[in-house]
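Letters are used for the chains, namely A, B, C, D, E and F, taken in the order the chains are written, and counting of residues starts over at 1 for each.
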Amino acid sequence: MLNIKRALVICAHPDDEVLGLGGTIKKLTNQGTEVNVVMFANGNEGYRTLEEKDRIVEIRRKEREAVQQLLGIRHYETYKYNDFAIPADETTYKICLSAIRTYRPDIVFTHYWREYNTHKHVASVVSDAFWQAGWTCSLDLGEPWKARALYHFEVIDLLSEVSHIVDITDTFEEKMNAMRAYASQCDVVSGALQQIEGRALMRGSQAGLRYAEAFVKNIHRPEIIR
Amino acid sequence: MLNIKRALVICAHPDDEVLGLGGTIKKLTNQGTEVNVVMFANGNEGYRTLEEKDRIVEIRRKEREAVQQLLGIRHYETYKYNDFAIPADETTYKICLSAIRTYRPDIVFTHYWREYNTHKHVASVVSDAFWQAGWTCSLDLGEPWKARALYHFEVIDLLSEVSHIVDITDTFEEKMNAMRAYASQCDVVSGALQQIEGRALMRGSQAGLRYAEAFVKNIHRPEIIR
Amino acid sequence: MLNIKRALVICAHPDDEVLGLGGTIKKLTNQGTEVNVVMFANGNEGYRTLEEKDRIVEIRRKEREAVQQLLGIRHYETYKYNDFAIPADETTYKICLSAIRTYRPDIVFTHYWREYNTHKHVASVVSDAFWQAGWTCSLDLGEPWKARALYHFEVIDLLSEVSHIVDITDTFEEKMNAMRAYASQCDVVSGALQQIEGRALMRGSQAGLRYAEAFVKNIHRPEIIR
Amino acid sequence: MLNIKRALVICAHPDDEVLGLGGTIKKLTNQGTEVNVVMFANGNEGYRTLEEKDRIVEIRRKEREAVQQLLGIRHYETYKYNDFAIPADETTYKICLSAIRTYRPDIVFTHYWREYNTHKHVASVVSDAFWQAGWTCSLDLGEPWKARALYHFEVIDLLSEVSHIVDITDTFEEKMNAMRAYASQCDVVSGALQQIEGRALMRGSQAGLRYAEAFVKNIHRPEIIR
Amino acid sequence: MLNIKRALVICAHPDDEVLGLGGTIKKLTNQGTEVNVVMFANGNEGYRTLEEKDRIVEIRRKEREAVQQLLGIRHYETYKYNDFAIPADETTYKICLSAIRTYRPDIVFTHYWREYNTHKHVASVVSDAFWQAGWTCSLDLGEPWKARALYHFEVIDLLSEVSHIVDITDTFEEKMNAMRAYASQCDVVSGALQQIEGRALMRGSQAGLRYAEAFVKNIHRPEIIR
Amino acid sequence: MLNIKRALVICAHPDDEVLGLGGTIKKLTNQGTEVNVVMFANGNEGYRTLEEKDRIVEIRRKEREAVQQLLGIRHYETYKYNDFAIPADETTYKICLSAIRTYRPDIVFTHYWREYNTHKHVASVVSDAFWQAGWTCSLDLGEPWKARALYHFEVIDLLSEVSHIVDITDTFEEKMNAMRAYASQCDVVSGALQQIEGRALMRGSQAGLRYAEAFVKNIHRPEIIR
């Protein structure tokens, strides 16, 4: 699953990529895989005090840049959607379709389709785009590209089914550090660090590992065995 | 479940609150619980003749005021959405989040998530807002407030699973009167009065009661037992 | 099921009506049933080369006219939505509600509710409109009309449950010809002709027929037996 | 749906046929349709006092005979399974397959597949037998017979989806009388008469009728339209 | 939920009660609630070496007795079913029904209905018995008893939905000790102690607690609010 | 998926292995993979005339031997269950667990869990055994063996979700021949040869292939990525 050249992560908010698959990203970049991230929201709702409101977007932008360094992410392609205002429409769909054709990933990662509305919208447009990016259509968004597989990660809700568990024992500490770099969110997302530790231990124990992250493979477009 | 100080009902159209939980509202207000209602639509499609079209919004506004008296509802916070035009977007989401922080209810009631599109949209934004209202975020919408529970009521479709059945034997007649106050809708919603009676008898018979209303508790945010 | 005077097909893109139920449409028109089609999208994304981009909408319009002749469709009521931009909103909902009241069909056909986003949106507004068209409401969209049944056809994904299988052995060749008339799409929809043949053979074999098309009846509004 | 020569009801316990479709049975026999019932259990657990325990099977046998008269059922093919001991195994499966080939019904009625265990077992073997009875196999159980359709009725739990609602306004009183004939069960099944009334009113109100019974059509073997 | 006099746990194998709700049992007995356990299997398959095979049932019996002391369980009502041979039949059903009427619990706990076969069978007969124990039937199994609620705990698979999270911070260490008392199973259930810790941390982090156990309430018989 | 040393197929009836994955078996044996089959039923219900009844088990045994030659299957481990009498119990479970430990397959194939009862029972015990075979338990059934993956094939019903599509263009003719070798069943399973062709064409067209077979991977035990 991870023996690949390029991976693309498409997520909603600054910190979803860390909570969902920070350990796997670091594992990938450590081995030389190119990892790019498309992120829709600017983080505008995550202020802890009213006086922080006007600065929060800028604060999170800087935090994101630190995370980019920590995890070795190549490009963060970011958009200016408000946190609660990412629709599943033609624009977001084309952003995904275009990104897949631009970055030509072997594997795409995105949100789980049963989470709350904004995450669900992202999961929905990525699922369609993942599949349609390989068709001979919409050519001004780039040459058709068939990524091999699409995986969903867990941020808020546990996956109700898990197809793959990735060992992140070696990169767990860097996942924690990346979350610490999103310092403004450690209070908003209640107990973010404990959540990361508990979940990683629990996912690990399901596979005889110390720390792990869980994924479910999207099977809308089946794998073809020749 | 009903031993509470304040309840908040969030619904789509004028009459949904009566069809769904009119008996429970009256039971609550009788015992001194404060009940507030947020209502999105203006009722513009519910005219019975073309000549009534331009007056229907005003007709339903007056009907709603009568219902407020009958059921003892404190505030009806109403919006001007057209009946078929309530989206699940940032604006409706923030209306819900803000209302929960303003009215600080112990319990929130809303539509069931398997009904038709407009009801589904309301159920969807309320479910997210119920949960996020308790987070340290979006503080200009009010202080974080954790309501204890969210319940879904049934208007068009039967709940496919029911977690609570509330005895409305003592307030059934007032529920019928409230529906009669929505006189313009008794013909549109075919057989509204028979529907109320049949459903109340049926729900009652499931619990050894004369008349009842059914609810399903939302378990997105689990109850915490210390 | 098909012993009817009028049928209405509501679909997203030019070719969905052929892929989904081209054989059934021809079977209906052969026996004298009036068939009308409402189609939302203009086909703007289906170009095979960049130079074709500006002409594709016009190309597909002409192809659609040829299909109209081949299948004997009475009206093609077409809209100018971009291919990936058909929302489930008040406007598309009212288009459906109005069409059902205008064409007064015995049976309505539309997309399956588990397909990708644009098809899902169409399935969603048709399902609501099918049911609400019979109510005494929104009278400036026409007199209430209760169509007898709503069926969903399969275009991209197989139906996960099938309630009716229609023998199209006698009109299978014309279905193939109609697809050939959508010449611009035979390359975009990879292997469209093989897909039609394989699926028709497979659906036929489930019912002891040579070629067939599959449908699932929508049971939101139950059939009433007096 | 009901314009048929012969119907077969397959149920678990004495009174399920009345609770589930007593009104429909009477409606069918009134119009001259032959209705036969296969019933698995002897009713041994339905005693109201310990002293009644040894007599309950005989009591319910006599009650059943009275119901047969009241509803005009031709054959009651009864088995001696204990109430909680009806398995889904080869024997019960063959009883169903054989009954379908013997009575050659146009329509088969049985339990809903989401009820409690014994009802679920019956639903399960009937669903398989309904479909396999038409195959060229197991010929010593009779000549292959393809019944046209299989419907599930509701006894304990509401159907979570309903495809057909049958008007029983004219036979409702006889349904009530048939339940009264199962006098020993009116106390066991708490509030059986209110339950029948409430549910019939509610199902009626969903279709603009006074009293009705609800069914969901099984679509494992699709209807074939030639 | 836990402010009760008596609780009844019904499980399959010796150690399921610890893995599933050991912390909650201890929390209950600490506060004076009477907890009884019904356990079906003898543990015969859990041997780690062939030579241990003949002694494993006896080993696990002794381990269970130690756990009884550690957790303060009043009665362990045990049966001799082989580990892979617990059917959902009349006998197991009556064991559950009888136990509910004998121990008269406020709350019943059992397995989750989506686990593997033997756990699923137990979940299934308990769900039926929980509900039917309150009926006037099968009186030689004891006087009717309506327990207030039925909760499912998680042993092998995570609950796919969680309605209640119980704080076990104060009894976590005793849960670990109880698992250590099932020494023979700590190797069979791979990484049992890490699994307990990881899951407890993760469930805790979902509720702002250190350690927790998760449950889902069964809503087959709705709670009645008078 | 197919780059493996050993595969194990566990199925119910003689011909299920051909209908479900005859082309894949031949593809595997052609490349040198060892394929073994465990088959539960003796085929006793598949007689076409009453006079054939006593001979059908022997007929199908001989047909199976011919298929073994045609497809290059190494062992057919067969049991004497009657066709409609394969339970999901301790015995069938242990047969599966023991077979997995004996043949030590990289991949296990079995029925789909939504088919009719006997197929469902097999799917159920295989799913449990696949997972428990790797545990340190039940050691007299062999040394623990962790197969890499479990796939479900389709015989009667289409898979409602497909994770893998295998190209069988090169072995399609041998699949047809294997079905012809099950000559006694070509009439029982109505239109078996057309069914095979239609489904193979349809599955092929979903992947740009001529002929294919479809599978869904079981994700009860997730794949571990180190």
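Some observations on this one:
Note that in this section contacts are C-beta pairs under 8 Å (C-beta built on N, C-alpha and C of every residue); 3 or more make two chains touch, one makes a residue touch a chain.
Computed from a prediction, not measured in an experiment: that's the story for all the values here.
Chains that touch both chain A and chain F: C, E.
For chain B, the chain with the farthest CA centroid is F. In terms of C-beta pairs in contact, B-D outnumbers the other of B-D and A-C.
Counting the residue numbers that touch the partner chain, chain B and chain C have less than half of them in common.
When each chain is reduced to the average of its Cα atoms, E sits farthest from chain C. Mean C-alpha positions place chain A and chain D at a centre distance of 52 Å. Look at where the CA atoms of chain A average out and do the same for chain E: the two points lie 38 Å apart. Among the residues of chain D, those in touch with two or more other chains are 161, 190, 206, 208.
Here the chains touching each other pair up as A-B, A-C, A-E, A-F, B-C, B-D, B-E, C-D, C-F, D-E, D-F, E-F. Of all the residues in chain F, the ones that touch chain D in their complex are 45-50, 53, 82, 84-85, 87, 116-117, 187-188, 190.
Put simply, chain B touches chain D in their complex at residues 158, 160-161, 190-191, 194-195, 197-206, 208.
Those residues of chain D that touch chain C in the complex are listed here as 1-2, 161-167, 206-209, 214, 216-217, 219, 222-226.
The touching residues of chain A, when paired with chain C in their complex, are 88-90, 93-94, 124-125, 127-128, 131-132, 135-140.
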